[in-house]
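Two complexes are shown next, each including subunit A; its partner changes from subunit B in the first to subunit C in the second.
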Partner chain A sequence: MEELLEILSEVKPGVDFETEKELVDSGILDSMTIIQLVARLTDEYDIEITPMELVPENFNSAEAIYAMIQRLED
Partner chain B sequence: MKIFTDYFDRSVESYPDKTAVCDETHGLTYAQLSSLARKTAAALISCGRKRSAAAVYMDKTPECAAAMLGVVYSGNFYVVIDSKMPAERIRLIFDVVKPFAVITNSDLAEKLSETSFDGKVLTQDEINETEADDQAILSVRAEMTSSDPMYCLFTSGSTGVPKGTIVTHANVVSYTDWFIKTFGIDSSTVFGSQTPFYFSMSVTDLYSALRTGAELAIIPKKFFAFPIKLVQYMNEKMVNTIYWVPSALCIAANMDLFRYAKPEHLTQVLFAGEVMPTKQLNYWIGHFPDCRFANLFGPTETTDICTYYVVNRSFDDGQPLPIGVPCDNCRISVIGADGKECAPGQEGELYAGGPFVAAGYYNNPVKTAEAFVQNPLNSAYPEIVYKTGDIVKYNELGELIYCGRKDFQIKHMGYRIELGEIENAACAQEGVLSCACIYNGGTDRIILIYEGKTSEEELLAQLRARVPEYMLPAKLVKLGTMPHNSNGKIDRALLKANYKDQ
Partner chain C sequence: MTYTSYLYFFGFAIIVYVMYLLFPIKHRWKVLLAGSCLFSIILDGFLSLCLFVTAFSSYFCALQLTKMQDDFNSAKKGLSKDEKKELKNKVTKQKKTVVAAAVIISLGILIVLKYTNFFLGTINGISAFFRAGFEIPLVGFVLPLGISYYTLQAIGYVVDTYRGKYRAETNPAKLLLFVSFFPQMTEGPIGRYDKLMPQLEQGHRYNNEDFTAGITLIFWGLFKKLVISDRASYIATDVFSDYNKYGSFVIILAMICYTIQLYTDFSGCIDIMSGTARIFGIRLEPNFRQPFFSKSVGEFWRRWHITLGTWFKDYVFYPVSLSKPFMKLSKASQNHMSKFMASIVPSSCALFVVWLGTGLWHGADIKYVLYGLYYFLIMILGTLFEPVFVKMFSKSKIDRRGRLMNSWAVLRTLLLVNMGMTMFKANTIGDFGAIIWRSFTNFSMNDLMYGTLFERGTDRHDFVVIAIGVIIMFIVAVLKEKGRDPLKSVSTGRIYIKWPVMIGLILAVLVLGAFGPHYGVVDNIYAQF
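And then the complex of A and B:
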């Protein structure tokens, strides 16, 4: 989780990712940032994030992103 | 000749209850769009200004389209301001066009105070409460001509004093004449609109739609990160025609989207604004073999487009796509350094003439005189053509091929090099999703920046096999993702700034 928080703050500095639960719905992460983030996650965790995983629910909080990564790593 | 709103009025009469513009949350019918635009016009006409600028400072919504039309009905011209634009840049644009009014919503009105704008601020709420005044619109209309400005469009990403192109009613009418006829736009067309209203490409789908009773479905920007939702939205709206920047088309191709979801109603896929890599185009064609694909080409200064190519044969990955032939009513000349017309195969600068050519830059006679010039091939009478700064040539089929920007053509180790050629070669490699080449004149180094799986060493080896030694980049930079500007295109200005010291 810590590694993920680090990546998140690199991709989008100045956001409290531990508490924020509406990263997508409130517009904190825009489409370009999400595309950037997906590329980083694919690289760092060596996972394949297919279009099926690219839904707002998977990106609204650090927890949701983390859960997605764990699911894809299995 | 008629002005644009004459054509729009006709659509309103024929299709009052049909949706004109919609987004994810709601839509406006032709009658509603017209009514809202007429209320806006009434509020503006009371300011007593003519042929002056009014800014539209709103997100891309159906109401934003109504505000733009409202300015046009009032006998003035509009300037759309990106709601995400920094206040300082807005101030620079306002310094050039000096808007007498800004139409906005209450959320954005606050940010407006940072721009030191002191004219009339008209919010959506105020417009809703205004009574339309058809008599006033008729009086304004009686004094308007088709050579009046309809809007002023500022090109994005540039530095220094912003340049605003003045586009007239006649420009938009003659340009959409061509587009509607060529691509068979009618009341059954539903556009899936990707580009922002402050970008010339949006003129094409918005105004072609409003002239024909078609529908413009605004695609929320966030859907390009959530492609399954994008496809669902397109299917729900029954989008059959798209006109996007290639970077947006590449997002779908690079993630193999159509293996998971596919737009069901697409019949036309059109693109412009940057070079479409053939590898990703081939992916689209493979999934939509019955669609018409077309590469459109042109600057804001010719309203949007001056040449086009309807894809009629197959291309290998990395083989450049032609930009085709002149649009109807467009005169194209390819002129060499000697000031004479180029022979086929010979590279020269593209000049465009005819009724699509805009009036010039607002409040900028120097830049206007540099780019809107007397046709060098005509010394007999005054004829203004636009000097595009694009280097092109004719191929053996008589099609125009884009070679690069004039300011993109470099001299390196004594050779004249088109950076675009290096990009084409790199983009054709399987592990490369997108790329851009920049040149640092100070250090005389070519830098290739790319996104993809291939390592720098591998890509350099692959390039060695495809381009001559003198064209090999001195440095390759692999990025997680390429930066894009607010139009959706690769942000070359940013890349250049970031790598200028390397």
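And then the complex of A and C:
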């Protein structure tokens, strides 16, 4: 989780990712930022993220992103 | 037949609604289907043919995709991990072929009908430039109304089935209804199968709240279209078609009027369509969310024509960004560029594809291509200069999220969007340049003092009505932005709120609507795409 929080802060500095629960719904993560994040995640975790996974529910919080990574790693 | 014509409202929609209520609940979707088919035939027989081809090709392809997935799920039982992977790759390839077939058929019809003359004209232009000595005659295709909307809706359905978001529709008649549902046929909003289909197939009983909300939305849409948009159109059309006659003040006023016209025309028609659907108990996707309160151009496009933006995001931007060549580009960028550039180059390339597509979607003309690229350029410049802005604000200690800076951001976005709208309206890019140039260089008080504005079919009364209409829209938008939708309170509120507002809206449309011998019919702008 700490590694993920570090990546998130690098992609989008200045956001409190530990508490924020509406990253997509409130417009903090727009589609361009999500793609930058996906590029980093696929690289760091060696996972394949398809367009099907790119829904707000998977990106609204650090926990949701972490859960998606774990699911794709299995 | 247009949405604002009496025939549509008092004839077609009422007959379909009465029939809808008379039928048993489980058969009510069939009334919607019959109404939608009849509507498309009345609009244009050729439209019906194109619509049926798109609907049925999507139906068969999606059905095939679900069958392939089912076969794969049965076949993979008992296989080893490697065998499963091999079979999955094989099935994925087959599924991609089926999706490609569906897209080629649906998009093929759109491309041939909409873009053939654009391609031929471009070839002829190149031929003339190089004096090649040949000219290909242009073709006389007629573009069926709404083809740009239902085509995207059908493609979205097939792609979602491929992605496994839902199983294919097994009833071809129901899929035809999804693609052709009459309130959204000619101007959208571009619906999604998983949200719209359950509402269409489920019969709805008469519901007082839905009925009142629907009627209110229809009259609110008519107010925007007939009272504001059609009036503003006379000013914008007059000035844009003969801009050399006018000075800066009038040109700037016409630019503002066109922005008002485009917004009230499109959002007004969407309100009429959503209101019609709501009477049947069906809620269409929202297409606007107070776009002129946006603080950036990116935000504006997330609030304006929302269903087109989300369509391009889900079916163009994400797949292109996640495709193998773009992922390779992303890795190459990380190896050869600074961290900042590596993070924006790949997504910017995908964004370019999106804006090229958005521009072309609006029309087969170089003007629309540049219109799309104009917004692309603004967004890219915004992203590139973001670190500079961050430094600037941190050094100057100005609160970027403060009221003053927020107001400036809204005003700046408004100016940039207004410029984009001017490009959209101008006949050619040359005209656009000339209009912008004139708006800065021909300041003269004569235009205002001698009433040049009121010489060509519009008078002071028209300007006053537009101004009052815009103020009312602004108040409604502010309340909506604060989460208090006044239109909603008409359907759910008390009787002393409900009736005065309803009667006021109806009277405003009847008394102030730009119809009668003095006014001509103004076609819906977005129905022409």
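In this text, the second predicted complex is superposed on the first by the 74 of 74 C-alpha atoms of A that agree within 3 Å, B and C clash if a C-alpha of one lies under 4 Å from a C-alpha of the other, contacts with A are read in each partner's own complex, and residues count from 1 in each chain.
Methods note: a contact is a pair of C-beta atoms (placed from the backbone, for glycine too) under 8 Å apart; a residue touches a chain by one contact, two chains touch by 3 or more.
Just so it is clear, the structure is predicted and the values come from calculations on it, not from any experiment.
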(request) Quick one: classify A:M1 as touching subunit B (first), subunit C (second), both or neither. (result) neither
(message) Applying the document's definition of touch, where does A:M32 land relative to subunit B and subunit C: first, second, both, or neither?
(response) both
(request) For A:V24, select first, second, both or neither according to whether it touches subunit B, subunit C, the two together, or no partner. (result) first
(request) Figure out whether A:D43 sits in contact with subunit B (first) or subunit C (second), or with both, or with neither. (result) both
(request) Report for A:A67: first if it touches subunit B alone, second if subunit C alone, otherwise both or neither. (result) neither
(request) Could you pull out which residues of subunit A sit against subunit B in one structure and against subunit C in the other? (result) 30-32, 35-36, 38-39, 43, 50-52, 54
(message) Which stretch or stretches of subunit A touch subunit B in the complex?
(response) 24, 30-32, 34-36, 38-40, 43, 50-52, 54-56
(request) Spell out the residues on subunit C that touch subunit A in their complex, using ranges where they run on. (result) 163-165, 298-299, 302, 313-314, 317-319, 321-322, 327, 330-331, 334, 339, 343-344, 346-348, 350-351, 383
(message) Residue numbers of subunit A touching subunit C in their complex, please.
(response) 10-11, 27, 30-32, 35-36, 38-39, 42-43, 49-52, 54
(request) Can you check the complex and tell me which residues of subunit B touch subunit A? (result) 221-229, 251, 255-257, 260-261, 451, 480-481, 483-484
